[in-house]
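Note that subunit A is present in both complexes that follow, paired respectively with subunit B and with subunit C.
Take a look at the complex of A and B:
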């Protein structure tokens, strides 16, 4: 088990190096001279050349890459062309809201996925209609779900707020930057509750698609487990069908659903970027959306790195969780 | 040698024989899947004949801004400039469909070739190629695609290129898995003993057996691609305005949502219909080709 964890963590380092290599190559491809960008559009050629030398952009390619990676490790993500702030500062400001949305979206996706999987594995009247409903959720682009959600739940029925992460202009800032938690920390329960209220619709929209995929995999492996010998044995012992499903089949099926969850996180991150733009959610998705029209590559690269690192870490955790739930995984 | 090989059955034609009979595929599909096939057929025809069906030019104003749907001869209304949304949506459908099919095809070709080479060659070639594939698989494709397009500069072609670059590893994995499974079968041993070289084994004895798995995967993947491409276009990473792209139309119409809902919602609904039709058809194809 420990060997498995160590191996998994080592492979994570290699993957992260690959990620930085890709982003580094893209930066070279984007024809943006970071020195020129750093000094501004009116800088003289001499000043640009001097800055290029100071920043190390006249060194050999490989040396530049190492310089880049060591910069990243020290938190240097270069300077945004749009906001003129270091990208790392911008990201630190925008990240908490994204973490809030992504974590609650992921949590919702897992819960809904389990529910969808268990329901659709059962045979009942209207099961076909239920599957069709799930298929529709999975086929709807996140922006359609968001638009309809805002239009109906917030515009017409006024049940849920349609924009932002809070309706307070003087909401407490810090220590985490996540409104719900900060509200609780400062003892302002109304603010925290309002934050939860703002979170429901965007988190639900982000979660629906991945939840259906997770539910599908769970159903498939549940059905396979229910046909297996151990399920037959459990039934032959006279156990109730409920017990067979929940105690015997489920544990053997969770592993596949978990690895699907890991894979879905990538799609979910792309969804988070879109949803943040629609809901004016103050996260890095909104930040990257504002950077795209300005061709602000350092900002886009920074967000890509942060989301990529998040994805890789989540997948490493998922793999380790899988080994905990199903020790056979660690044997490979 | 040729005589000896004549007795060797080539790869089991799981599926390939059935691809021919479209009627059999539809016949075995569930009602929902049949609806999916029909919807997909309608959408594909609409995309092909868009210039004939579209009542107006998609990029010239054809009426007052914000005409509501079904008024003044505008089936889906007009947008903030006065463009006919129905006409734009038809052309957008074309872009979406062509884009998704192109990326799936490139994924199948690039990934399929890499998987085929890895599976046939085995040894260190297999290890190197698959490690590389796994590295790509371990990164979030859609997020990388955003950075790719941003680096290359937003355009319809760059978006397709970016998504194609991140989309192949999945197919490499599947192809390699199928090839390794087939390679262990007796017919391959027989082919090798009969003197078939690596090329003949790859293309005559292995590839045909792997096609059905790849076709099913690809057909289930079209819907994902429609969604991913629409998402990128929504973020402004597609063809520049006023090109009729579904995602971009929804994004630009976003500000009018609460008063003129049809401006952003109509294109979004078309993305939904196209994805739903692709997913249902993919399911239908999967169900009929995998049960035997």
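Take a look at the complex of A and C:
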């Protein structure tokens, strides 16, 4: 277990170093002077030069990188060129909403994937229709799905809200920053419920693509398990087919689906950024979307790092879950 | 058939509660058969072609009877077993005609739910591979409870099948148990709820010989005490003969012969059964000539001949055989074909020419094959080709706190002379394959030396020839590869490839085939051709026959015998089968837990074994109607081998000193070249005359028989 944690931490460090290097490289390649962006389009060349020096953008690339990394070790993510707050403060403000959306999206993806895999492997009635529906939605790009959801479900039918994470202007803001949880903590159940309603549409949009991938893998491994020797043994005992699927085949098939879930996390983060922008969801996706046009590289780098950490954590959880479902898997 | 009374009868013992497992079965409670199979046909569609797996099989099974179902790979044994269980695969959808009544329900016409209820109430099943047949993610307790109903009942069943300390094993996962223990768990589930019939499909094939004997004995005990019928599917006539009352031989999807075990194992009538028995190795088989094998290939299930399925391979065949399918007819004690209806004690044979050729095992046994010629290199003197000295090999398994050392080789000395053949025998985990791989240079040893004579690195042939051949290269390319590195050009290379193929008995066309297009026996020959196209000084064979049917295995053993004599290569042959070891080896080395415990001349070692473990191995050689279980307990675990003599926890002759004082491989007085690592057996042997020694050995064996 200790070895497992150490390994994951090491891999996190490597991933983070690589991500920062990539962001720095992009900055270099883009030929955008962040100082220019910082001062605005009308700033004089002299002012820009001065600011470039103050911000350190005139130093060699490698030196900038090491400066950034050494700051990182002290928890310093530098200052956003756009909001002029420390990037870390901005992230603390925007992250909870993203965690809320990403976690519920991932959860929904796993539930939908499990249903999809199970009913299509066991050929339950209605499996074909469900599969068609899910596949056709999942094949559409995320922005199209978001627009469709906003136009139809919230615009036309008024079933679900289409923007933001709450309709309350005076919603509680602590302790977690996640509206649903904060509402519950403060006993304001209407706020919490309203938060759930706001969550449904964006979470669904984020979840659909990964759900299909997870479901497909689950179906494949379920079908293999159903033909396996141990499933034959279970049938030979005279167990019902449903018992064979749920008690024997399923647990042996979850492992592959979990691996796929881990892989999908990266893709899902990309979806989250798009969805937050379209739904005006106050998360780091929205934050970074506004930072990009302004060449706010510290903000972009900070968000990239946070997503990298999230990726490593979720994949470690996936590994732990795999060891839980399969006693032969050891955590290494 | 009236279903009701039988169902009542099957559930009656269950009502009597927990003592029932070892109640004596009420004999003759019912005279009506438990299973009635009538004209059963099963075919599948595969690649657009019709595969006819069963073509008109009829037989009956009485309550409490054990039927051995014997046949080579592809003969339809498993299809028959799965039909009776109602578990044939749904895709490709099989076409089934005829009927298969189990406890009054026809499993051919029963719907899913009816078939499931029959399995639940009347049937149990044990499958070949205990490694894959248990659910790897479910605790064995839960798996047994699913069949047994309650924890208490599960513990009782596990205890009854001989699982040590069953209550604490309930929480184990299958991968934490050895193969033999897992098979016991399978059997516990199969006999849960007192089924009328248990179908066991090759239940011992994947197990070591000593464990195989334990499992077979267990099946017999369960029958005697529960009155359960068994259908024991196996490819080995000898395994069936040990426990079955009757044996049915399948060939090409039809029954060739059905009769009492003693008749079939002693004096079979059908030419196929005779051939099968003849190519089966026993410790008496004449070593001076090749084993008599069945000519030709097993039948192609897509393309059966119109008449007798055996006719292309039958030495007694004549025109009348090909007119129609020979029916299964009853034979009287005098050898006449009787018109009387089939009964369970009857001997039935499907051969139209029966009576017009002499039958019987003994009549045909030896003199048919030319004796072996001399070994080509015998004149080359007795220099060692391989010298193994004090070799140790340790593997580390697991990580962190669970890290353990597995001692695969714990000091092995062995010298293989030029042109000599040594067979290494021992159960799985004893280190025989590790020794072979070390000699082949496939892995480093931790201690000790391996030296070679003047020849270079040895060549190696593996157990699974299919996996050791490259799938995308043609056979010719793979054999030619080694010639190319010798700098030979295209034409002489092709000629040499052809020569190598001819030597292993394969036609020239095979050179253009890819491995997937060949049968298992053909692939093993290709592997041998590849290993010998540039004749090596030493050929290492790792269980090259264990994945093959009896008759195919015999042809491969003959082939090795021929290669050795014609090319003069020295051979180190690993096997778990003493009879095969004796056929191949001039000397036999018996290994136990990483050490050689006995080595000596093959015939001497088999006729007068000295080490208690060698004796136990010899006792596993089958006899009709009797299972010898000399060794209790599990094969030893190479992690933390016991102190003193590593065999002492299982040794029937162990004395207190055996647990503490180390043993060494000592020479045996009066037997040149013989070495034994057991001071106790050597002490018993040494007094005064040689005759007394053999007497001692004989009486020890008789004792075990009487028990």
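Just so we're on the same page, the second predicted complex is superposed on the first by the 249 of 332 C-alpha atoms of A that agree within 3 Å, B and C clash if a C-alpha of one lies under 4 Å from a C-alpha of the other, contacts with A are read in each partner's own complex, and residues count from 1 in each chain.
In this section, a contact is a pair of C-beta atoms (placed from the backbone, for glycine too) under 8 Å apart; a residue touches a chain by one contact, two chains touch by 3 or more.
Remember, it's a predicted structure, so these values are computed and weren't measured experimentally.
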- Message: Just to be sure I read the superposition right, which of the two partners does A:269 touch: subunit B = first, subunit C = second, or both, or neither?
- Response: first
- Message: For A:312 in the superposed arrangement: first (subunit B), second (subunit C), both or neither?
- Response: first
- Task: Classify the contacts of A:293 with the two partner chains as first (subunit B alone), second (subunit C alone), both, or neither.
- Result: first
- Looking at subunit A, does subunit C or subunit B touch more of its residues? B
- For A:252, decide between first (touching subunit B), second (touching subunit C), both and neither. second
- Item | subunit C residues touching subunit A - in the complex, by the definition given at the top | 85, 87, 89, 112, 116-121, 123-125, 127, 129, 132-138, 146-147, 173, 175, 186, 189-190, 192, 398-400, 402
- Note on the structure: Within the complex, subunit A is touched by subunit B residues 30, 32, 135-136, 138-144, 146-148, 150-154, 223-224, 227-228, 230-231, 234-237, 247, 250-251, 254, 257-258, 261, 264-265, 268-269, 271-272, 275-276, 278-280, 283
- Sites on subunit A touched by subunit B in the complex: 11, 14-15, 18-19, 22-23, 26-27, 29-30, 128, 131-132, 135-136, 138-144, 147-148, 150-151, 155, 209, 265-267, 269-271, 273-274, 277-278, 288-289, 291-293, 295, 297, 300-301, 304, 307-308, 311-312, 315
- Once bound in the complex, which stretches of subunit A touch subunit C? 2-3, 227-230, 232-241, 247-248, 251-252, 325-328, 330, 332
